[in-house]
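Every chain is named by a letter (A, B, C, D, E and F) in the order it is written, and numbering of its residues begins at 1.
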Amino acid sequence: MFYQDGKLQYRVRVERPNPIFARALQQAIGGVEGEIRVMMQYLFQGWGARGPKKYRDMLINTGTEEIGHIEMLATAVALNLEGAPLSMQEDVANDGVAGAVLGGMNLRHILSTGLGATPENCNGVPFNASHVYASGNLMADMYANVTAEATGRVLATRLYGMTDDPGMKDMLSFLIARDTMHQQQWLAVIEELGGSAGLPIPNSFPQSGEKNEFSYAYLGHHKDGTTIPSGRWTQGPSYDGKGQ
Amino acid sequence: MFYQDGKLQYRVRVERPNPIFARALQQAIGGVEGEIRVMMQYLFQGWGARGPKKYRDMLINTGTEEIGHIEMLATAVALNLEGAPLSMQEDVANDGVAGAVLGGMNLRHILSTGLGATPENCNGVPFNASHVYASGNLMADMYANVTAEATGRVLATRLYGMTDDPGMKDMLSFLIARDTMHQQQWLAVIEELGGSAGLPIPNSFPQSGEKNEFSYAYLGHHKDGTTIPSGRWTQGPSYDGKGQ
Amino acid sequence: MFYQDGKLQYRVRVERPNPIFARALQQAIGGVEGEIRVMMQYLFQGWGARGPKKYRDMLINTGTEEIGHIEMLATAVALNLEGAPLSMQEDVANDGVAGAVLGGMNLRHILSTGLGATPENCNGVPFNASHVYASGNLMADMYANVTAEATGRVLATRLYGMTDDPGMKDMLSFLIARDTMHQQQWLAVIEELGGSAGLPIPNSFPQSGEKNEFSYAYLGHHKDGTTIPSGRWTQGPSYDGKGQ
Amino acid sequence: MFYQDGKLQYRVRVERPNPIFARALQQAIGGVEGEIRVMMQYLFQGWGARGPKKYRDMLINTGTEEIGHIEMLATAVALNLEGAPLSMQEDVANDGVAGAVLGGMNLRHILSTGLGATPENCNGVPFNASHVYASGNLMADMYANVTAEATGRVLATRLYGMTDDPGMKDMLSFLIARDTMHQQQWLAVIEELGGSAGLPIPNSFPQSGEKNEFSYAYLGHHKDGTTIPSGRWTQGPSYDGKGQ
Amino acid sequence: MFYQDGKLQYRVRVERPNPIFARALQQAIGGVEGEIRVMMQYLFQGWGARGPKKYRDMLINTGTEEIGHIEMLATAVALNLEGAPLSMQEDVANDGVAGAVLGGMNLRHILSTGLGATPENCNGVPFNASHVYASGNLMADMYANVTAEATGRVLATRLYGMTDDPGMKDMLSFLIARDTMHQQQWLAVIEELGGSAGLPIPNSFPQSGEKNEFSYAYLGHHKDGTTIPSGRWTQGPSYDGKGQ
Amino acid sequence: MFYQDGKLQYRVRVERPNPIFARALQQAIGGVEGEIRVMMQYLFQGWGARGPKKYRDMLINTGTEEIGHIEMLATAVALNLEGAPLSMQEDVANDGVAGAVLGGMNLRHILSTGLGATPENCNGVPFNASHVYASGNLMADMYANVTAEATGRVLATRLYGMTDDPGMKDMLSFLIARDTMHQQQWLAVIEELGGSAGLPIPNSFPQSGEKNEFSYAYLGHHKDGTTIPSGRWTQGPSYDGKGQ
């Protein structure tokens, strides 16, 4: 069961509202790298977990934290929309800057929400729950979670670079820190599950069932069949200790 | 900020697992009448609320309850998938009942989740966040919420009628009760906001701005222009006291 | 069966074409608050109606009216696109106003339709028919319809405030009036169906089947369990006369 | 503006209701080959038409006919759902045939609509309006329309072969006939627009602007570069009389 | 099996990067008229082909060419994003032109890809594979393919008109030429399959099974039943030689 | 540029066609764990790569291999559909097994493709290109790729367990082996990029910009604030050597 206390996890301030930055922030709410996705992903992974209870607890706990991140970002979007140009009067139309602001906004921020956030990405594409990975295989799910926090942190640092508003930089520096932690967290589970001993994923399938001659060979699909640049993937021992 | 305690809001038991009922239950998770929708709808309405703080609190509070309903239903799906036929051996294929079960399942319950719930409807269509109504107009949103709880309760009673498992009936009787309450709750807000005095929605728009001769007239689009059956909508005073 | 006469239901004029307003108008065509949605919603409700024939007739009749609203808006989009900048010549790129217009347009209005409307919302997201509510329960559907006309009217008044083109204001004042009427119309059906006597929806389900102790209780999910602000929803008799 | 008369364009009867055939019929309503698509496609083509008025008239007129086809099919779905198994009592579960029927249904036909049609395809995927082709180029649109009626007729004949219900065969034989006519109709417009003289589409673009050496050459992307089977497309004059 | 050689099918140069043109180009990648669509459409048609092997070969061969077109366009998007404004510093915000560029971009080109292309259309709507037509009926599919190349060439010529960058015009003149060829190619298959002798599509269905009195009649759905403008579709012999 | 040779990468045989297994196989074509996704993901990552050319080459090369996997699976779907029941004659309806097969099929395999594969998942939901992760950050993308191959291999082993057809098991044992290899391959790139030295992702962002007190702390969102189960994520040094 879930509870709330009406406070934000971390303060959210905006000194100079910017409706186009409001649009950009939406990517962190409803984009594939965003918070709705991790919230639902961790919760569904937890609800479907059949192994040791501590993983279930941790997944649901961190999923719960992510709800609060959506809350912070939704608040940030609303604050950035304060004072947005709501109409196309002549002076706006003839003012390059104001006109660009109106044209560059997510118009649904005016038309559909009256200056509030939506569960959409920065292009106004609604979040689609097919992005929730909960495979029932904890190791596979942990890689999905590292991915989510890695692309999420990439996004958050780009948002950080896009704004020079001190309030927004402050909020993002908190969210970036949490992404750092969550990358650590899922890597820690991978270690607990045995690290490379867990490979290949799933490690429950007997490898006698696979065509082993294709399991550790890099195949070139170059037209002339010869020009394979070398890398760690063309040489050295395999990570599961079974191939070459 | 959000919290959890690892317990279910109400007990969830399944006596006779049924993978096809698991598929049906998905409609209450990820369908347009389902719990993901109300969770996100109430939370986004709350996060975008700019009026009296008590509405914001109530919306976020009830949105928080709905997360727990998803949790209950995800648990119910997992329990109904216990013992599902995982393969197409000859005996399943030749057994009408078992074959029908396998064919009638959401195969992603086997292939993608390993017997857990997904954020999808009963046909496996992922939840799409465009169904979150948060218009910035509280009165309009309350009608959206009554609709959500009305169609949600219709769905829950149909699920109740579809199963004869005592555990499932027990869980659904709880969720149905909450839908009853939530219908009451949103109607109460409509009353607080003035009821019919709030009409037409939005009541902030000066009616001098609308073509009043079309505001209270039922128009027939029958080919011959004459056969309009009468109803309350063709006669009697208007609900806002302004038309006929 | 359906017919048409090649005329618009109400005149559509544009004095100063504005391609960004064309984008905004798309929300009223293909947005969740728009005309494609109500058209399909009323028609599918009518086609699925199994009760008294007069409701079926009314639903199909008003659904038919809505097709004409899409037609009006599609015409308005096309007129607003007259004279749109079609290319990125240097003078456009260096002209803040013209550049903002081009950048703020739905580029599909140039690239995909050659200056015509699309069945999309203001962000270019195609209409998705999952928004058609036709539950088979007339009372539930009427609340869905009030919602549609309430959010639709909110949208139309925002579009009205966004433009200062007399032709567009004139067209919108007609559509706003029809939204007023349609709110009345669906409320009238709710009255005919018994109003609060129809609660909870569906009223065909015996309330003995629900956990009555949870049917009329507002539950707090506040972390500390005490801070429930009071409102009509925490006190007073229930609307169906059955709870407290 | 649009009108209706409450009648079906052609009779719809079902002798032996079949809920799985109801699911199949949905493809003709909300599938990419279905009637919602052609209705919206022809209407949007008409509303966006800027050329001779007679094409606009014809497009809107035939689009209007298609609304009636949705109506017929929605009626057929509802009739096929009469008597559908609504629950999973033990006797259904142990009865291979009845169990298969329940498992093979679109469960939303029970849960979401109460035995009515939805604007979805046979897998329950909602119609998505991105399938509406209205390019502003009449010739391109006519090929899109031939495609729609060709795939639509393929679908209808497959539905015809799938059922042995005389009522359903009768209804489908009408819809198939209309598809025949509509194929003719769009081919007639192509002829009026000049047939091969209209090639390449669009013929308004000066061919000096294209790399002519690539305009009439079939290119092989076979790995060894030699094995191109010959066909009309590797030899003979081009259809626009400009290539070889 | 597939191969590549790391080269582009035709050179791609950009003299003056333009992030808004990068957005426009996305329509040719992930739009319904774009290259992902034809690639998947031709490949799936080929993979599902059960008739003469030469059609299968040709479909897969041309589908393979289309992968290279996506590659060219993805390269063009990346080149047009060079030097895009990545942040909202004060000088950008106060510079109408630079501000318009930032507002008019697909912000995912900054936030999600770090200046690379996405499989989306010009509005950032992801490609949806429901647009892949592969009906199993070769004649119907050929009309779908002519449609794809016709709307694709319309799009490419509009992009050509939108830019004055010599490199982009050069690349587009190549893609336009290929669209010309592919229109020819699919029309050639229609001729090989018998042209009008293949009508109506599918021609395998015995026309005794359709209501012939409706197969060659243009029906008016005008309200007053009289105003049918004449055209080739109201008079003259039918194209299949069977109607009037 | 791309090439093909008309052969399959590995043989595809089906001894006992099974239309329900054809539906299951669709998940490996158009599901989020499937081959369309990895094909597009690796190609778009390669096309957008701005670093050392060898990564670009490898990504495009392996993306090219994946096209051939779609080809194999599309062939497998078509072979499994041989002999599918195409109609609902009385004997099928009364035969539990045959009826279950028909009801359990993707009906689009009959109605839309005439017994061929579609670019959809096992529930008939079309592939949506928003699942293509190409962030411009190679490390983040490698984790996305490990995830794709991990969930892909989980899926393939589940399909392997679902069938007892020797041909299908043979084909899957090849695809499983390739998934094993591709997991190794992306892990090798992570090693080449520095492994944990690349953390946190992106490592280009100065950590002075994040709130370091939140970067390495596991936060409990338990209602009572005390019940954090311990794990590697609550103790021990951080993976990037910067936290505790």
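Rule of thumb we're sticking to: a contact is a pair of C-beta atoms (placed from the backbone, for glycine too) under 8 Å apart; a residue touches a chain by one contact, two chains touch by 3 or more.
A quick note: this is a predicted structure, and the numbers were derived from the prediction, not measured.
Shared contact partners of subunit C and subunit E, listed by label: A, D. Separation of subunit C from subunit F in touch steps, taking the shortest path, is 2. Sharing over half of its contact pairs with C-E by residue number, the repeated interface among C-D, B-F or A-B is B-F. Of the two chain pairs considered here, D-F and B-C, the higher C-beta contact count falls to B-C. Between subunit A and subunit C the centroid-to-centroid distance comes to 32 Å (mean Cα coordinates, whole Å). Computed centre separation for the pair subunit A/subunit D is 38 angstrom, with centres defined by C-alpha atoms.
Centre-to-centre separation between subunit E and subunit F, using Cα means, comes to 27 Å. Chain geometry summary: the mean Cα position of subunit A and that of subunit F are 18 Å apart. Across the assembly, subunit C contributes 1-6, 32-33, 57, 61, 64-65, 68, 95-97, 99-100, 103-104, 112, 114, 120, 123-126, 128, 130, 135-137, 151, 154, 221-223, 227 as residues in contact with two or more other chains.
Inter-chain contacts occur between A-B, A-C, A-E, A-F, B-C, B-D, B-F, C-D, C-E, D-E, D-F, E-F.
In the complex of the two chains, the subunit F residues touching subunit E come out as 1-9, 30, 36, 40, 43-44, 47-48, 50, 57, 60-61, 64-65, 67-68, 70-71, 74-75, 78, 112-120, 126-130, 132, 134-137.
Chain contact summary for the complex, subunit F toward subunit A: residues 3, 10, 32-33, 53-54, 57-58, 61-62, 64-65, 68, 125, 128, 130-131, 133, 135-137, 139-140, 143-144, 146-147, 149-151, 153-154, 157, 160, 169, 173-174, 176-181, 183-185, 187-189, 191-192, 199-202, 204-205, 207, 209-223, 227-233, 236, 238-240, 243. Across the complex, subunit A is touched by residues 1-6, 86-90, 93-97, 99-100, 102-104, 106-108, 110-112, 114, 120, 123-126 of subunit E.
Residue ranges on subunit B touching subunit D, taken from their complex, read 18, 20-21, 23-24, 27, 31-33, 95-97, 99-101, 103-105, 121-125, 151, 154-155, 158-159, 161-164, 221-224, 227.
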